[in-house]
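Note that the chains are named A, B, C, D, E and F in the order they appear, and that numbering of residues resets to 1 at the start of each chain.
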Amino acid sequence: MSESIELVPNGTLITPTAEEGRQLAIKMARLIIKATQPDAAVRATLRAVYADDANMLIAIGQTVATEFATIAAANNYWRK
Amino acid sequence: MSESIELVPNGTLITPTAEEGRQLAIKMARLIIKATQPDAAVRATLRAVYADDANMLIAIGQTVATEFATIAAANNYWRK
Amino acid sequence: MSESIELVPNGTLITPTAEEGRQLAIKMARLIIKATQPDAAVRATLRAVYADDANMLIAIGQTVATEFATIAAANNYWRK
Amino acid sequence: MSESIELVPNGTLITPTAEEGRQLAIKMARLIIKATQPDAAVRATLRAVYADDANMLIAIGQTVATEFATIAAANNYWRK
Amino acid sequence: MSESIELVPNGTLITPTAEEGRQLAIKMARLIIKATQPDAAVRATLRAVYADDANMLIAIGQTVATEFATIAAANNYWRK
Amino acid sequence: MSESIELVPNGTLITPTAEEGRQLAIKMARLIIKATQPDAAVRATLRAVYADDANMLIAIGQTVATEFATIAAANNYWRK
């Protein structure tokens, strides 16, 4: 794993909206995969694998849900 | 993954009832799969796979439970 | 997935006892599977599969534990 | 799944000690398996399977950890 | 599963440091495996299996992370 | 598993930034694998396995997300 890439875009968990919080969760999940497998060509191959695999798509959903739980708490759930 | 689709329907985690919170959890889980695999035809094929697979149905249940935990906290558990 | 079925029995996470909270967790986990696979005959077949599969029984336990965590928090852990 | 068995021994998440909380987590995880597969003979067969399977032992540990998180929060972590 | 072994070393989740909290998380995860498979010889065989299996090592990491979340909360994250 | 290695770098969950919190989550996840499989040569072999396996990369992401949830809570989400 390499830590030289930016793991938290913009360096903050705070987002103006829930929608942007959800986008951040997707990005942060993706950046961990990038840090673990820095080779872009290998990642492209693997992406083709998991995008067509029901089991892996569900597992990605689980990871994004976990990242989002943290981001949502950080933002006090964007309550008004 | 594409972020051009709406990931949080109505842009909020707040729902009037627990029932609607649960529906939102299902939708949000589904939208992550849609963002990861934007091709509707591929998703339809995969849906037929996981709907008949006990293991995957359980895994979907796990993801929905995780999304719901966040939504329920956001709504203070709809306590009256 | 269909949202026409009732996903939260009685429309509330609040239960008088921990025992009923646990029963609700089982029901809510089951209702997500029902929403994802609405065909009762298919579900009956799949139930026979997972009831005899140690791995799937453990996975069901994981999902129920996650649902219960939310229900228990909603009820302030039924502290007296 | 059957709800006729007692899912929460003694009907409470509150325990005098962390040790008893941990025991309760194991019991509650086991009772969900019992509710899902009520046949004692089948469960005995499955137990022999998972007790010799490293993967399943780890998965059981994950479920117990999740149950324990709830029980520990209910007991304010047995802080003095 | 046997409950005759000590599941929480020293009977408390409270530790002086984060480092010791992390060690406790590893021990507690291991003790659940011990309670589920009390035969030391079988456990030694299984340990050789999972120590050489990338998938299982990752799964152990997931369980330790979950145990640690509880221990860290119990200790108010060792904030000063 | 060996506890002789340092499991929490710098002995604290507190980090100045979310970015460093994320790096800590990766390191802590990796150190559990190191504690479970202390042989560096075996770990190098396994690393080559999981870096090319979509399923395992996703599972690593799940573990890091769980570690990060704890670290983020410890740091009050780096809110200003």
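What we mean here is this: a residue touches a chain if its C-beta (ideal position, glycine included) is under 8 Å from a C-beta of that chain, and two chains touch if they have at least 3 such contacts.
Note that the coordinates shown come from a computational prediction; the quantities given were computed from them, not determined experimentally.
In this structure chain B contacts its sequence twin chain C using mostly different residue numbers, the overlap staying below half. Put simply, the C-alpha centre of chain A and that of chain E have 27 angstrom between them.
Computed from the mean C-alpha positions, the centre of chain C lies at a distance of 16 Å from the centre of chain D. Residues of chain D in contact with at least two other chains: 50, 53, 55, 59-60, 62, 66, 69, 73. Arrangement of the chains shown, judged by which pairs touch: one closed cycle in which each chain has exactly two touching partners. The chains touch one another in a closed ring; read from chain C in the direction of chain D, their sequence is C, D, E, F, A, B.
Residue ranges of chain B in contact with chain C, taken from their complex: 17-19, 21-23, 26, 30, 50-55, 57-62, 64-66, 68-69, 72-73, 77-79. Those residues of chain B whose C-beta lies close enough to touch chain A in the complex are 1, 3, 6-8, 11-14, 28-29, 32-33, 35-37, 42, 46-47, 49-50, 53, 55-56, 59-60, 62-63, 66-67, 69-70, 73-74.
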